[in-house]
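What follows is a set of structures for review.
Shared between the two complexes below is subunit A, which pairs with subunit B and subunit C, respectively.
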Partner chain A sequence: MKCAGARPLAALLLLAALSFLPWAGAGEAQARTLRVADQGDAMSMDPHSLNDGLQLSLTGNIYEGLTARGPTLELVPGLARSWRSTGPTTWRFELRDEVRFHDGAPFSADDVVFSLARAAAPGSDMRAYVGLVSRVRAVDTLTVEIETSQPAPILPEMLSMVYMMNRRWCETHGAEQPADKRKGMENAASYRANGTGPYRLGAREPGVRTEFERNPDYWGTIEGNVERVEFTPIGNDATRVAALISGEIDLMQPVPVRDIPRLEAAPRLRVRQGPELRTIFLGMDIESETLRFSNLDDRNPFRDRRVRLAMYQAIDIDAIIERIMRGAAKPAALLVGPGVRGYDETLDRRHPYDPEAARRLLAEAGYPEGFEVRMDCPNDRYVNDAETCQAIAAMFARIGVRVRLDAQTRSVYFPKILARDTSLFMLGWTPATYDAHNVLYNLMATPDGSGQGQFNLGGYSNPRLDELTRAIASETQDDRRQELIAQALRLHHEEIGHLPLHQQNLAWGMRGNVRMVLRADNFNDFKWISID
Partner chain B sequence: MIPYLLRRFGQAALVIAAVGLVAFSMFRFVGDPVLAMVGQDATPAERAELRSALGLDDPFASQFGRFAANAMQGDFGMSLQHGRPVTGLILERLPATLELALVASLAALAAGIPVGVWAALRKGSRRAGAVLAGSLLGVSLPTFVIGIGLILVFSVSLGWLPSHGRGQTEAIGWWRTGLLGIDGWRHILLPAATLAVFQVALVIRLVRAEMLEALASEHVRFARARGLSERRVLFRHALPGTLIPVVTITGLQFGSLMAFAIITESVFQWPGLGLLFLQAIQSSDIPVMAAYLCLVGAMFVAINLLVDLACLAIDPRLRDPRPATAYA
Partner chain C sequence: MPPVATLAGASTVLLLFIAGAVLAPWIAVHHPHELASLDLSQSLRPPVGFAGSDWRYPLGTDEQGRDILSGLLYGIRSSLIVALAAVGLALVGGTAAGLVAAGRGGFIDAVLMRLGDIQLAFPAILVAMLIDGVARAVLPGVAQDGRLATLVIIIAIALANWVAYARVVRTAACVELRKDYVAAARLAGARRARIMFAHILPNVIGATLVLASINFATAIMTEATLSFLGVGLPPNSPSLGTMVAIGYDFLFSGEWWLVVLPSLALVALCVSLNLLADRLRDGLDPRLR
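For the complex of A and B:
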């Protein structure tokens, strides 16, 4: 009786134990295959369908633009050898010779004409980058002339993420336009690709695995040595970290802030960090006559610069970076960070942390007892966003501003603040053009319904800044343009249109034998990755 | 009997309609899908145009009416996030979840039955008590803790098993299976074990209770009296009778396994329906969420209906129209 009961169990355990053994080690890396994990996946392989960092980063290994970005985001030639401005509203691009698409078709000016039209078509989410383009003409097979509706000094910058597709391939595959979700059309370009880039698209299972293969006929040099790339989305932070530690992947991002020390301490693993282009800041409702989500029903303290300065000086940013961000952030005084064109280090000086002065300022402004206000925060969008808000709420409380914190998930949070149903909110912004004008135009200029000031959710408004923003848009002379940007940023800093917080760090975890280039826009160029 | 059947089918249809309505009205509070569909540089005009082209501005009743009319024809529309038909997405993800739930169910039976029998034979011993207490722990531990714990032990410390994904899969028609190769089995072990923990505890307790009853029954005592070997008594005479309720319960639990695989799938990046649903929530992908909830609702209704019909076939009292209301 004793044996009979125990035997099946023992047999089962033995079977289980045996079955593990021959499999151990089967997951060892194949040489030159890079296994990358990210918390999300590209929605489509169509380079024009979504203006999203991860999507453009992944497809940017397959497709290329006329211009491109180097390791420090400097503008470098892409499919165009050179370009110059031939008039106030015209640009001329000289294309590279001998560039071929992955299917062997030569790349020519006609493809540029086609691709720029496609990027402007309905269903394209890249229209913001080509919005100023009014006409594209193939002068000859290797020369393109682009006319703009107004002077566009940063057109070459704006085109670095508008990737070039092959006209004939798109026409044969019925992909002349990006897949249009409104009409419910699928599109071959959503899951197949034919670019000119250093890697070709291999098998793709959306949300599961995407494979890339090195393009042996690439026109340029591929500095890295990676032959194949396997990209896997792993949404769960702990699982992604575990996969790196156990050696199932070679490279992943983001490393959760709390796991950075642990990975750094691990043998054979490394974490690389660098400041991201995105700046995190708080916005205040400066526009409303009365502060809507507060205990005041007849006035809006945020309309008073002294109150805004008090809020600013109440924030101990160093403590936030040390305790909440665990050192993985850099304090910001501007809404443009290092790496953004127009950033000026001499202007990046915060108003000093001084709660005493803040209390005095509040009293001066007529709020000796402070006031009560609701603060809106996302809790799953930025690194430790809700924790940062909690800490700031406590700091505000010390000067008498009592905050009711409302931290919500992003899909609920953003519709709310975009509807401007907020008095105090947190937002992060990466200028998609890597240029300060994008920040001025979206976050600081007076909202006018056309797109200007679209994310200026507190309604900060200064006619002088609007004027500067317009001037910057069409100023073609570099040093003059830089001076205008500095003026605008200084103005915004003095008036305290927002409360800048920090630039969070990018954090990539990798095996010790992986070398990569960390781009501040978090794009991952496989061509620069080497496995030693 | 026919009126009873009709009534049951009517009730089932009502339940599914209610699930659809509740699910659909909830979506008004999950956010604005347009935000996830375009990048930050889209203009307000472009957003508004997209919103109205998708019919998101229409009144609730007409949105729901459209959804219900299409859903009855098996068309759940296009995923706003993926730009692909929802039905196709679900069919693509269904095999992963079904295989996971199936392997978890079988594993629960394979582990739970022997341990349950053993615990019944050792009734009162300290070790059996410890196993039962341990099974209580299995019922109470949250799934993500078990999942992360297994990853920590078997992937990170021992390096035996992969921590995420499905591994190599083969296509049999539209069905992609991971159960044909060793790689697929290596990948399914941890998530299936995570999902099975609760079931194992359930099966152990069930088998033990049924077995104790069977061991005390007349026919087992008679078998012993005939001088049959102990093994034969246990496995030919006592055990089979206990398995009927076990299999029934496991079948009923299969629906919950599929529905509650969401957390397991997200921990192990298992590309099944649960993960699809979770991603849909994050991007307010209404058609995918609606289809998923309707599918889960339909599955539970179908399983319950089958059980009722089975009971109807077995229990003659249910067929009598008068007491039927009392038993329904």
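For the complex of A and C:
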């Protein structure tokens, strides 16, 4: 017998079921939302707190500097309309008119004075970029005069990544100082943002999701058509690839090198590759009297050039590039890559791979049995970072240097090595100015607490190289400058201050209807992304 | 009871695995985590039968050049050692707790059983992860040192699993305590401890052995799961779970043997253990006799 109440119930259930069906085509009707994923996350939304490519790239959509970069990395006006050198050590920047921060406050010279001072403060990781700045003065509301401690012909390039913040907003929110990542500090600027850029910060959940919304009052043009961006970090490679394949995300990087052929073959997906300006290398503690994190308690083998050369010659970089990077990298002998001003192809010749010679050198240096040392490595920052370190650890083991590999996630790894809590570590570096001086100043010059050598985490020190770096900073004649750079690079190469590895390739995976600009420094400007 | 043929198959598989694990140092091509023995030029070879394979590495190699077969042998060795120790520890600890609870009664009984009840509310994996996590915070060496990590895992899995033994033993012991031979022993002047361990224990042990045999397979899976998640054995220690975790990244790119083979090994090991445990239960469980 048919139950009387069954029909209305069935109708109700059908209605409920239909309401859960995904409506095809509804996506196109909504605002253009770009879902982008990366293997890690920005550690904070504070633009001065960490000199990390991803963080600067993400915050670079919200904040802007006085100067900026175009699609092919050429220097273009940013918040400064124009600039000129008014003396050997002075620069004058004319600021744009009618620029407002996201909270409506007008942008003025006072904000420039504040921001540059903030970037030079003790907790800032951007000190090297303002290291040559000695005084900033607001001439009037739209003009700033910057004095440098020595002639600085590339100051505008150095300032392109020092983003401008609003003094009043920072003071109101207790964010006058940058949050010192090394000490694990945070303040309001870590979670909220008030910039002048083409996108505003929406929700921010560290490690989970960050949302960006198009800024309708932006002073410039936004060529792309993206209105909202949802950024999610997806650390696991397979998950990130699966998310792209399934349509859960529209754009991601890095595509693991082993998955590139598969994604290229997929019908509605595309992979764009290009060389990156980033050089990956290993650093050694050359400073300490005794090597911490090793089995030696009375000496430091890395202080001996023969040991450093032995480590260098133990690395079979061609095998690593062929097997681990699957060809998507180029061996490096310098910490400066092709595309960086000052790169010299004739100097880019590695010391030869020779494990026999390496063993002999170690014995000569007094380590016939080798030694043990801890090696620190990130596992989610560079392409195949942990796998490369693994392979290198095996190569070191073959010459007697028994490595204990400690591969960690970047949020733990970078504070550790930035605090110089390491004996052997991996690092990658893209010079923000696309100029070799940046590499010499940050990575190779003697650390002096002011910004010089801020990322020279092994403490490599050579006074002659420091002299050359100072001279390069103020040299205006191109060929003389190139000669000085070559001298410095040659010196570092001979002394083996670091163990250069390779320049990796970029690989971005995207749905077929996404168009973006691939920058060689791997920065992602949302304003240049379009979804067809 | 499972058919004889299946039992024979399960026993063979298990014996093969045990033989492989015991003989691993001699029959494996190399210890997969002996860094100096790795050869990057041999990386990503497929198992024999596929293009590019090599008989020296019959089941293929992974991205660092580690031989898969050697990894399986050492991994099974790890799994068996961890499971044996963990189950042994849980068995001994749980049985002791159950006997004490039954013998003492009153407050101690209540405390022990309630502790067990509380723990049963949490999934075993979670309990093991918690203990492992606390150990890592207290002893930083755990993340790196294979031996220390093994010890921590054994304790974690044992602590996650003792409750079942305690309850079974307590119930059985309570039943036994009412029997005549116990009264006789008491009259003869035997002390409580002697009664519990010399008289009652042999009569309740059967049930615990059944539990242990099933628990063995669970312990193997728990260790594999913890290592897969990265909170078990450190990456430089051989483990089937770690092999699956590493191989998982290669699912989409065609190097299927990196994840399929360790997974199959785990499945085969656990299924054969479970089949044999079934048989053991049929033999030992007093209720089915």
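Side notes on the structure shown:
By definition in this document, the second predicted complex is superposed on the first by the 294 of 532 C-alpha atoms of A that agree within 3 Å, B and C clash if a C-alpha of one lies under 4 Å from a C-alpha of the other, contacts with A are read in each partner's own complex, and residues count from 1 in each chain.
The definition used in the following text is that a residue touches a chain if its C-beta (ideal position, glycine included) is under 8 Å from a C-beta of that chain, and two chains touch if they have at least 3 such contacts.
All values reported here derive from a predicted model rather than from experimental measurement.
A simple residue count on subunit A separates subunit B from subunit C, and the partner touching more is B. When the two complexes are overlaid on their common chain A, residue A:D259 makes contact with subunit C while staying clear of subunit B.
By the touch criterion defined above, A:E230 lies against neither subunit B nor subunit C after alignment on the C-alpha atoms of chain A. Of the two partner chains placed by superposition, only subunit C is touched by A:R404; subunit B is not. Residue contacts after overlaying the shared chain place A:G449 against subunit B, while subunit C stays out of touching range. Within the superposed three-chain model, A:A242 lies in touch with subunit B and with subunit C [touch as defined at top].
Contact with subunit C, but none with subunit B, is seen for A:A394 once the two complexes are overlaid on the shared chain.
Subunit A residues in contact with subunit B (one complex) as well as with subunit C (other complex) are 236, 238, 242, 245. Chain contact summary for the complex, subunit B toward subunit A: residues 29-32, 35-46, 50, 53-54, 77-78, 80-85, 110-111, 114-115, 117-118, 121-122, 148, 151-152, 155-156, 159-166, 182-183, 186, 230-231, 234-235, 266-269, 271, 275-276, 278-279, 281-284. Subunit A makes touch with subunit B in their complex at residues 1, 4-6, 8-9, 12, 20, 23-27, 43-44, 49-52, 125, 127-129, 179, 181-182, 184-187, 190, 205-209, 232-236, 238-240, 242-243, 245-248, 409-412, 414-415, 418, 429, 432, 438, 442, 449-451, 454-455.
Remark: subunit A residues 236-238, 241-242, 245, 256, 258-259, 261-262, 316, 319-320, 323-324, 387, 390-391, 393-398, 402-407 touch subunit C in the complex.
Subunit C contributes residues 34-36, 38, 40-41, 43-44, 63-65, 143-144, 235-236, 248-255 to its touches with subunit A in the complex.
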